[in-house]
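Two complexes follow with chain A in common, the first pairing it with chain B and the second with chain C.
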Partner chain A sequence: MALELQLVVNGIVFGSIILLASIGLSLLYGIGDFANFAHGEFLTLGAFITFAGYVTFGLPIYVAGLMAFLFVGALGVLIDRILMTRHRDSTPIILLILTIGLALFLRAVIRLQWGDNQRTLGMPLERGTELLQGSVGWIDYGIRITSTDIAIVFLALVLATGTHLFLTRTRMGIAMRAMSDNKSLAKVAGIDTDTVMTVTWALSGALAGTGGMLLAMQTGVLFPRMGFNIVLVVFAAVILGGIGSPYGAMIGAYIIGIAQEVSVMIPGISAEYRYAFAFLIMIAVLLYKPQGLAGGRW
Partner chain B sequence: MALSGPAAFLVSMLTLGGIYAILAIGLNIQWGQTGLFNISVAAFWGIGAYTAALVSKVGGETAFSWGLPFLWVDVVGFPIPIPVAVILAAIVSGVVAVLIGIPTLRLRTDYLAIASLGLAETIRLIFLNEGWLTGGGTGSTVSNPLVDLQYTNLTLLVITLVVLGIVYWLAETGVQSPWGRALEAIRDDEEVAQALGKNTFSLKMQAFVIGSMIMGVAGALTALRLNYITPFEFIPEFTFYVWIAVIVGGSGSNRGAIIGAGFLMVLLEGPRFLSDFLPGLSGSVAADLRFLLIGLVLMLVVTYRPQGFLGDKQLMTEDNT
Partner chain C sequence: MMTDNDPNADDSSMNRRPILKTVAAGGATAVLAGCIGGGDGGDGGNGDGNDGSSDGDDGSSDSGGGGATYDVGLVNPYSGDLAPFADRNDRGSDLALSEINNESVAGGKINKITADSETTSNAGVSASQKLVNQEGVDVLTGPCSSGVAVSIAESVTIPNEITHIMINSTAPGITDLEDNGYVLRSCPSDAFQGQALAQVVSDNDISSVSLIVVNNDYGQGLADAFQKRYKELGNTVETTIPAEQGRSSYSAQLNEADNPNSEGIVFIVYPQSFQTMIREAYQMGIQENYEIFGAESMVSDEVEQNVDPVAINGMKGTNPSPPIESEVYQTFAEEFQNEYDRQPTVWAAYAYDAYMMLGLAIHSAGEYSSDAVANAIYEISRPEGTEVSSIAEGKSELDAGNAINYQGASGNVNLDENGDPSGSYQHWEVIDGTFEMQGFVDTGQ
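== the complex of A and B ==
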């Protein structure tokens, strides 16, 4: 069995999927100072918009993905303008409860629109290309990889790079980083913090929407709870990387992704518990290194 | 003769409302009184239900089928009310609460929320995957002593209301004691409480464990209500039902928690009646509308009236993290 390296490869693919969600969640957490519990529903919505584009309208998959990017990004703006502007000065607790309510609301809307049953994306199946084959001692390094896997990793990295350029090369991106560092100072320096918040919601939503598309491409099945099922893993990646740091989130996503897949090999623990493994890492980080890997830096 | 029609429906709804009220009082001790943002209510609820169901089972296919009495001990034909299974449910919930509390209760409010959701999801995975213990996805039967009675549902309602009364009395007594005031001090400013020489970790642990034990008792009653329990009765989403009750009723008020549970029942059962008036509305759409309503109510309440009906406004609107 080509297990060991294959698990690492699977971990990199899964890490790429949660990468986009993690960056968005971390940005919102850092800039808005709250945990967005509706982030899982952003992923689900991205997946279902992709489904609508690809299956219902018969568009090419990447056009459907672009729809998910734009639609969930626009939803982020809408949520910020309608709901969150009223809560600029609310406590983290109020914001927490607010996003929980939002999560339940969005999931109900998804269920009303697409029903409770599983949907399948129905992308053409492929067997995957054998990249390596052979073994050294007991380690078998044969791995199989599909073109979908490569596309997922590639897309995630392109968007992560794009986010990096946005945050470092544009005025808005620099304003976002300033606000994440110190909100009052940013305000005094003349940054329109209200607009920055709206842009953060848009970016966070768009990235999560694309993450939902990648998730749908990889698993092939869609259901209303799919985003909620992995949102805690996304939280784990964000916390491991260091809350508020998108770069930390990138590292965190890959570490959690790989750790979770490789945990399948731990004897005596069945594969069903691989999410629980991510939670354990998360709690350990919260206890012993709450600032995460990035340690409060960007 | 068993009850039927509207009377049976009313009894069933009052029982469920009573169970939610017990859960809400348990959560209120943790959140309203002490400021612990616990989103693992469903986990302790489930632990209570599974414990009571398993230990009272007779020679079943799962572990711990000890055939212990659920509600009363038979002494040569006379039932003596010693609810062994219910007490064990509370104890097991309490022990798990200690184990979970040790790593998580030191965390900041929002981290505690995330960590407790993670633990709730882990416990749900255990219910689902450890078939030798819980019966797995197919669930577990409950040896319900009430089914042999003439008025099964009415008896359960009476038992639920008695338990609710005891829990309410205990919670109110606790709130008005020095212990309750120390918890409030932690909620309002943990550092001040610490400076005054209070062992805040120990006090938080006490509140967390007692609240979780109350949830465990609610679980044991739920096992009696359902007769058959599956992991799907204790999904993390149901935690938010209890949160609705506490927030709408008013964080920090036990009376509010009971009123909130009543309001929750209206929210949960309202869509069902809607489908009587709107013939085009199917059952599953009504269920989705229920979640829609719950999400909407949560958002509206924290936006326009964060203190709920009877709550403490300061708790919700003042930053003390």
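== the complex of A and C ==
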């Protein structure tokens, strides 16, 4: 076992990926009052659209990423207009089943289009650059970072900042926050809640699409379950941050990301349990601070 | 929330697929592992389906020698999940039988009586009961699935002291059956793959390794076998790190494997996880500091096509393989091609060897009975004897009073005290991004 600081860096990279997914999930929950179980498939779809752009059409990776951003965002709009608009007043259990069905449907579509086999982005391999080397006592602070790592963190932070500006500086963003605070009051105040919902879906989808691109860049392989495999961790981050709070979700994503990487440093906890560690944190939060870190605020 | 991961429910079968694909791709048919998968669920009922070739009662007539007829049962999955294996077993055994009955062993011929196992335990057990109780066979061969095989062994062949030669059942657990030597098999146990891998790692002068192992029966079984043999060879396993399939990152596992005491890292994982792992390993600089090894599950088109050669060049490992370069195998393949107009699978070779050994054992014992065969079949496969690979050769050596060592189409088939042959494995090295077979691993000490 070595490289303690490296684990923190790995955690930040992974946290950046779940960050994008958790903001969207949290927004949908805060504003629409339902948990979108199809969010994992948004990630998968983002990854596969990146694949289509980068591998099939030979576009630069970030252009392919932009395609994922736009396409999954548009898909969010489509889903809202066709499906969810009929279920604005449905009970939570119906919405739950609805999004699970949607998840299965989307995954089936992905299988139809790209098959069940795994695909590879085939991005050039890069040996990490050693930034630091050495140790203080038992702590080894050696770090290796690849340019992909930096790109992932950078892109995630840019989009998170963008979302923050959108929520605080635009009419639509403010309307979204108002609706999340109190739906009826927002409606009475003349906010077109239907449009707000559609925009929320678009934003949520676009962020998840980009998250999928980052996920594909980091793992290098794509398969129809890739998004679903991490969606539970995303839920853990959202719950930790406080359900419905995008800012809480941002903090939650990094805490979960770092905590599960660093958990392997604890003697007796093998790498196998790092996901379990994320859920342990989630359980602790639910027990002692069920409102999450944000405590019901945004 | 989130107690049920329902969207996942449709996917439970998926995990198996990558390995199946590997197998197909790498030609590593033996990994199919046995038909282990096998359903022993339904109540198949009668199981006296297909006993096509039972002309057992004509004992006296058409014989060259003495004219005795030795009834041998074959419980074969003519229907059910593993139906494709039935034809392979029939073709392989029929090829052996035509040679045996041409020459005649101990002055008689072997008569194969078949019954359908339906790939279920219930049907398999009743089929073998019928063969033993009604047809009166002294030796039973088959079935396919390890699960069905164990049911038959425990409820029919062991209690009745019937010699039971399994053809396709590779589960390591069969080794430990308390069978008083009545149960043996012509296909190698999955456990031997681990031993072959340990040999290869040790031969490369790597004396301490970290293991990264897919967290299921396959991975654990192989890792246990590896670990045991590797330690016997005087080396140490620093850590064994389980890895779930389908994770987006394995950096934590790799960090744990990044152990200053290890000289090498052995991957026993499926191709999908491996691609993610090896990419991260490269980014972490692991290839610079460690020798990398892999089990046969790695050998696949997927890995060749999708992994950048620089990440895997120089990696070494093992892969099960019939001894394709041996004369015995080539003769077998040629005869098989002539007879059936197709190339044999390794499974047909196992079936062929099962019957060849049986024929030689009968001749060696000079009589046909369960005990006689059970004793003789170990003797005719021992490495001490003169190597023979045909019935004619075997007969002349045996008649001259010499011990023989049957060399089979599927390998040297030296049965150990548990009735397991060691199988044969090639070792490979990745050169320019492709898996190049480098010849056979000598697992015999």
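Just so we're on the same page, the second predicted complex is superposed on the first by the 296 of 298 C-alpha atoms of A that agree within 3 Å, B and C clash if a C-alpha of one lies under 4 Å from a C-alpha of the other, contacts with A are read in each partner's own complex, and residues count from 1 in each chain.
Everything below uses one rule, namely that a residue touches a chain if its C-beta (ideal position, glycine included) is under 8 Å from a C-beta of that chain, and two chains touch if they have at least 3 such contacts.
In this text the structure is predicted, and so the values were computed from the model without any measurement.
Visitor: For A:Ser245 in the superposed arrangement: first (chain B), second (chain C), both or neither?
Guide: After superposing on A, A:Ser245 lies clear of both chain B and chain C.
Visitor: Tell me which partner A:Thr163 touches in the superposition: chain B (first), chain C (second), both or neither.
Guide: In the superposition, A:Thr163 touches no partner, neither chain B nor chain C.
Visitor: After superposition on the shared chain, which partner residues are touched by A:Leu215: those of chain B (first), chain C (second), both, or neither?
Guide: Second partner only, chain C.
Visitor: Who does A:Arg111 touch here: chain B (first), chain C (second), both, or neither?
Guide: first
Visitor: If we overlay the two complexes on their shared chain A, which of chain B and chain C does A:Ser180 touch? Say first, second, both or neither.
Guide: A:Ser180 contacts neither chain B nor chain C.
Visitor: Does chain B (first) or chain C (second) touch A:Pro290, or do both, or does neither?
Guide: first
Visitor: Output check: A:Ala103 vs chain B and chain C. Expected answer is one of first, second, both, neither. What do you get?
Guide: In the superposition, A:Ala103 contacts both chain B and chain C.
Visitor: In the overlaid three-chain picture, which partner chain does A:Ser90 touch, first (chain B) or second (chain C), both, or neither?
Guide: Only chain B; A:Ser90 stays clear of chain C.
Visitor: Look at A:Ser16 in the shared chain and tell me whether it touches chain B only, chain C only, both, or neither; answer first, second, both or neither.
Guide: Neither partner.
Visitor: Report, in rising order, the residues of chain A that make contact with chain B in one complex and with chain C in the other.
Guide: 35, 100, 103-104, 107, 116, 232, 235, 239, 270, 272, 275.
Visitor: Can you list the chain A residues touching chain B in their complex?
Guide: 34-35, 83, 86-87, 90-94, 96-98, 100-109, 111-112, 115-116, 232, 235-236, 239, 270, 272-273, 275-276, 279, 282-283, 286-287, 290
Visitor: Can you check the complex and tell me which residues of chain A touch chain C?
Guide: Touching chain C: residues 1-3, 6-7, 10, 14, 17, 35, 37-38, 40-41, 100, 103-104, 107, 116-118, 120, 122, 124-128, 130, 144, 146, 215, 218-221, 223, 225-226, 228-230, 232, 235, 239, 260-261, 263-264, 270-272, 274-275 of chain A.
Visitor: Per the contact definition, I'd like the list of chain B residues that touch chain A in the complex.
Guide: 37, 103-104, 106-111, 113-115, 117-119, 121-122, 125, 128-129, 237, 240, 243, 247, 284-285, 288-292, 294-299, 302-303, 306, 316-319, 321
Visitor: Which of the residues in chain C come into contact with chain A in the complex?
Guide: On the chain C side, the touching residues are 1-2, 5-8, 10-11, 14, 17-18, 21, 215, 241-244, 246-253, 255-256, 258-260, 272, 275-276, 279, 282-285, 302, 305-308, 310-311.
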